[in-house]
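In what comes next, chain A is part of two complexes: it sits with chain B in the first one and with chain C in the second one.
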Partner chain A sequence: MTGRGTDSKIRLENVSKRFRDGTVAVDNVSLDIQAGELLAIVGPSGCGKTTTLRIVSGLERADTGRVYFDGVDVTDVPAEKRNVGVVFQSYALFPNMTVVENIEYGLRIRRVPPAQRRERAGQLMEMLKIAGLAHRRPSQLSGGQQQRVALARALVIEPAVLLLDEPLTALDAKLRDELRVELQRVLKRLGITALYVTHDQAEAMCIGDRIAVMNQGRMVQIDVPTNIYRRPATAFVAGFIGTTNMARGHLAAEGGRLYVDVGYARFPVPSTTKGPGEELTVLFRPEDVSLAAPGQEHFRGRIENIFFLGDKVRVFVRTFTGEEVIADLPSESRVERSTDYPFQVDAAKLYSWAEETA
Partner chain B sequence: MSNGKRDTRTAAGRARLMRSIGYLLAIGLVSLVFLFPIYWMLATSLKSRVQTFTLPPVWLFKPTLEHYVQVITERQLFRYMLNSLSVVVSATLVAVLLGTMAAFGFVRLKFRGSKDLAFWMLSTKMLPPIAVAVPLFLMFRQLRLLDTRVGLIWIYAAQALPLAVWLMKGFLSDIPIELEKAAMVDGCSTLGVLRRIVIPLALPGMVATALFCFITLWNEFLFALVLTGTEAKTLPVMAAGIRTRRREIWGEVGALGTCIALPVLAFAVLIQDYLVRGMTFGTVKR
Partner chain C sequence: MRSRRGAPVLLYVVAVATVAFLIVPVIISVLGSFAGAWHRSLVGDFTLEWYKYVFDNYSRTIGISLLIGFLCMGIGILIGVPAAYAFAKYDFPGKTLFEQIVALPMAIPGIALAVAIIQTHSHIRGNWYFVLLGHLVVTLPYMVDTVTATLRGLNMQVYEESAASLGASWWQRFIHVVVPNIRQAIISGALMIFTISLGEFNMTLFLYTPMYMTLPIGLYESYASLRLEIGSAYTSIFLVLIIPVLLAIQYLGAADESELKNI
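So, the complex of A and B:
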């Protein structure tokens, strides 16, 4: 193992992985995770996020690039010697062992004395509220209980980094929401460095201190959740994280200000390096669209569909140019299907890319 | 409830009952076909010599153990049984242990030609044993392994190995790979994963495989006939040699047949819990 000066807890440097069938799973990925940070990697299926996690864990070997833990090169260190905890999507609890045996397993391999093993396992079981299940088999547990056992098993070895591979995917929606909050609480309480892989952007937004968006093996953007949401680096990020309205048009100058004419509306342009006549894509979120007072509208459109979502109403608006705009209106809004309404967009929330990377 | 509906229910219930009776009769008939030879062997072993040849056959008789005493004392049953047991148990253990490790390699370690190698192992079973009997005899003579239990153990282990590898491949591929990965990140080496996770989980499969190997080898005749003489002779070879031209000894044949069948039966009963789990391994989604 060779050292390398860095403040990061985990560092990936130009890591690439190509599978035997020629698929490039991870393409020149570099990444820094600070101590105690929870980084969520999010992306569509097959984007390489699980492969990245497996490379960090040592279960997969990178073709090129280096992996550092605390500045020490662990690229060639096998999984069993990296001191990482992994929570698998399927939990991977040993069916031939009880809950407590599962949790103690890593300590047993490390030859920790039984009394210490029991104490550490007991503490975690208390913290994760599974103390009463100690002598049950995994097959006798619910999905949520299995998830907690898997987490306890991964944490008990006090890993350098905790890797979570879509740990909540197998659970139903309500339980997922509950456990997501609890998981974040436990990880923050323990101050553990964690890499959390998910395809669920809402989960990533909730749980990650920072989010890394991956697509086709590449890291597209790494940033805090608000920036990922408000200032997406590419059209892919904008489309993948939340619902987005995107519109493309030509820039025009008027009264010393720049506007972009997207056909159905003229939007004031946020900061851009481009000049009049050039093309520009702007994006705005559904919650930035509202019903406009007469004369204040950016565009008019006919409401084609209305979905009541409890705290808001999502409407699908067809503009006169045939574009579809999605708007989230307050739940008390009195709007009707097949009726024209004026809409305005919060100009402060409009966003465009300096360079087109879509 | 209307009469029409009640009639329909009664008719459906009657049809269900008839179907159940039909199934039971069919099961009974098939069982009879398979169990009758075993009954006949057992009955013959317990009849006196005269009753054995009585026509029509005697169904009710006072059982005698005289044939069992004869095969134990005159035919030296225990000596040959010890030969058979030591050779077959050893070969089965070797085949199952090596087969499990080889199957683990085939299932988990993807290497160039792994499929061809696995098929080649299976293809050795396609060769008629008689084709290799003479070359093996010559090799054994050269190696001074003729008429030794060790020699027979090697041949039997080699004979059962392809069966063990292919059966264990099926069982091992049903164990989720995440379990092994989880054990590895917990600090287990590859061999540790095999020992602590894979083998305990594959135990029902290993026991089922052991039973199949045991039965195959227990009944093996050709190699035992060619490669043994007097010292390492096994039960099937001994049993084939007890008929004489001087007198019909069906009682002894029945007693010997029963004694040969007993260890297999005892083994199957002993491991039946594992066996059922082994037979259903991977049949349900976990």
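So, the complex of A and C:
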């Protein structure tokens, strides 16, 4: 079977995994990761993303389907023979070893001579700014430091693919934001192929060259971040990635143009194959909504809540039909609670599905 | 105010009395072992005669007890650690039952165990390793218990997976990652085995033959012949062997706790 999927570094073909209690963890997933690509798998907890990562690592066996590394079928190859680097959510640094011993462990197993081991571990520790911690024990490190050590330990073996399982989840928010950027830079600098699993869509957007959205064991959409955000394949993706306003109504033609009447507003229709009388869902993001000049509005609504977020003001608007619309207004906007305002939606940003799947 | 002050004083008195209650007989026994004549004087008439007597007549029992104690420790490590690892890591049919059976000898009276062992292994009765067999039955559960508990508390699986991803084979994972992280439990299990084996009397009384008498049996014999001063010297030798081990167990227990606090 060698030679199949030679164009991609990592390939999953129709992989399924059922747990012993009968629940389906991974349901017929196929996936390609190109050399040097960072693919982020994102989805709610229990969606099968960690199991997918474990199947790539070899720590878990797929019930059906095949796994290829560089076109070679590795489905039956155990983890220790796959040359994968794994960064675990809990870091899993060996408590009985110092930082440098942890990092050198993979090289020790590969019988790399001590001088070379030290040199390669030293380079990575330098790059990840942990050179000063070499002789500490994992229990003496902060969460952020442990994360760096875990990353160095996984990178030092020059793995075919780096697998990161929620690597930043255990850290506090500010550190997470900093490390996210640094991690992305380091991985890009090394040109490494990586699979990054997270439940945090913002993290996935930042890290991933492409994003794979998973739900209930299935791959829902695999695409570049802008497409995931602007052209979500299903209502699930639209709701999971960022904040989305979704409205449903009947199509109507007027003056040669199509509109969708969602009750509180009549929106011009993005390209659709449907005709008047049929139902359509339209999506728009909070930042696509703005205050309108009188007479230009798509709808009016009463502002119920205002959240000042620094770079913007997020308002929750109640329309006269009782629907809630979330809008992000410029941070200098002077709006007041319990007051009616006219709003418009950037027509170019309205999105709808040609075929509705969900 | 009086009652507030009174309570700690009272507690202190109770504590001192309890300690005295436990330690005074031991002290008297140790002092008596150096006394020329029992009852007459405890310290005035210093002699090492009784120690000489014990070494002349019972040194073989000390050697046998130490040998059996060390063998129990070694075999306990070789069998107990893998068994504990299997119990902590794998699910297999009848696992709970197995675990309970392994722990059973801790609850069964020594006499009953002795009878059961004699009935089962009567063909090897009279060999020195017959006593060893009995001691293994009563000591092994302590190793399995201690190591299983530590393994369950450590979530070893993620460390092993981590080592596997770095290329370590099953054996390398076990030696590099599992064993070093349960080292303390193994050592304290081994020391516990040693103290229990060294002091085992109930069951050994039924298993031993005069050729292969252990220390506690010899001690019993010396007391039974109403030579209290010899028994005292004998007891003191026993204490010298056992107290360092007990202290080591205490020390390891304390180290274990402080390590847990760091996690």
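Simple rule for what comes next: the second predicted complex is superposed on the first by the 354 of 358 C-alpha atoms of A that agree within 3 Å, B and C clash if a C-alpha of one lies under 4 Å from a C-alpha of the other, contacts with A are read in each partner's own complex, and residues count from 1 in each chain.
The rule is short, and it goes like this: a residue touches a chain if its C-beta (ideal position, glycine included) is under 8 Å from a C-beta of that chain, and two chains touch if they have at least 3 such contacts.
Just so you know, these numbers come straight off a predicted model, no measurement behind them.
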Chain C versus chain B on the shared chain A, clash or fit after superposition: clash
Chain B versus chain C as contact partner of A:Pro95, first or second or both or neither: both
Touching partner for A:Val86 - first (chain B), second (chain C), both, neither: both
Partner chain(s) touched by A:Arg153 [first = chain B, second = chain C, both, neither]: both
Which of chain B and chain C A:Gly301 touches, first, second, both or neither: neither
Footprint overlap on chain A, comparing chain B with chain C: 57-59, 78-81, 84-86, 88, 90, 92-96, 105-106, 109-110, 139, 153, 157
Complex contacts: residues of chain A adjacent to chain C: 57-59, 78-81, 83-86, 88, 90, 92-96, 105-106, 109-110, 139, 153-154, 157, 163
Complex contacts: residues of chain A adjacent to chain B: 57-59, 78-82, 84-86, 88-90, 92-96, 105-106, 109-110, 139, 153, 157
Contact set on chain B toward chain A in their complex: 176, 178-179, 181-189, 192, 197, 200-201, 286
Chain A-touching residues of chain C, taken from the complex the two chains share: 155, 158-159, 161-169, 172, 176-177, 180-181, 183, 262-263
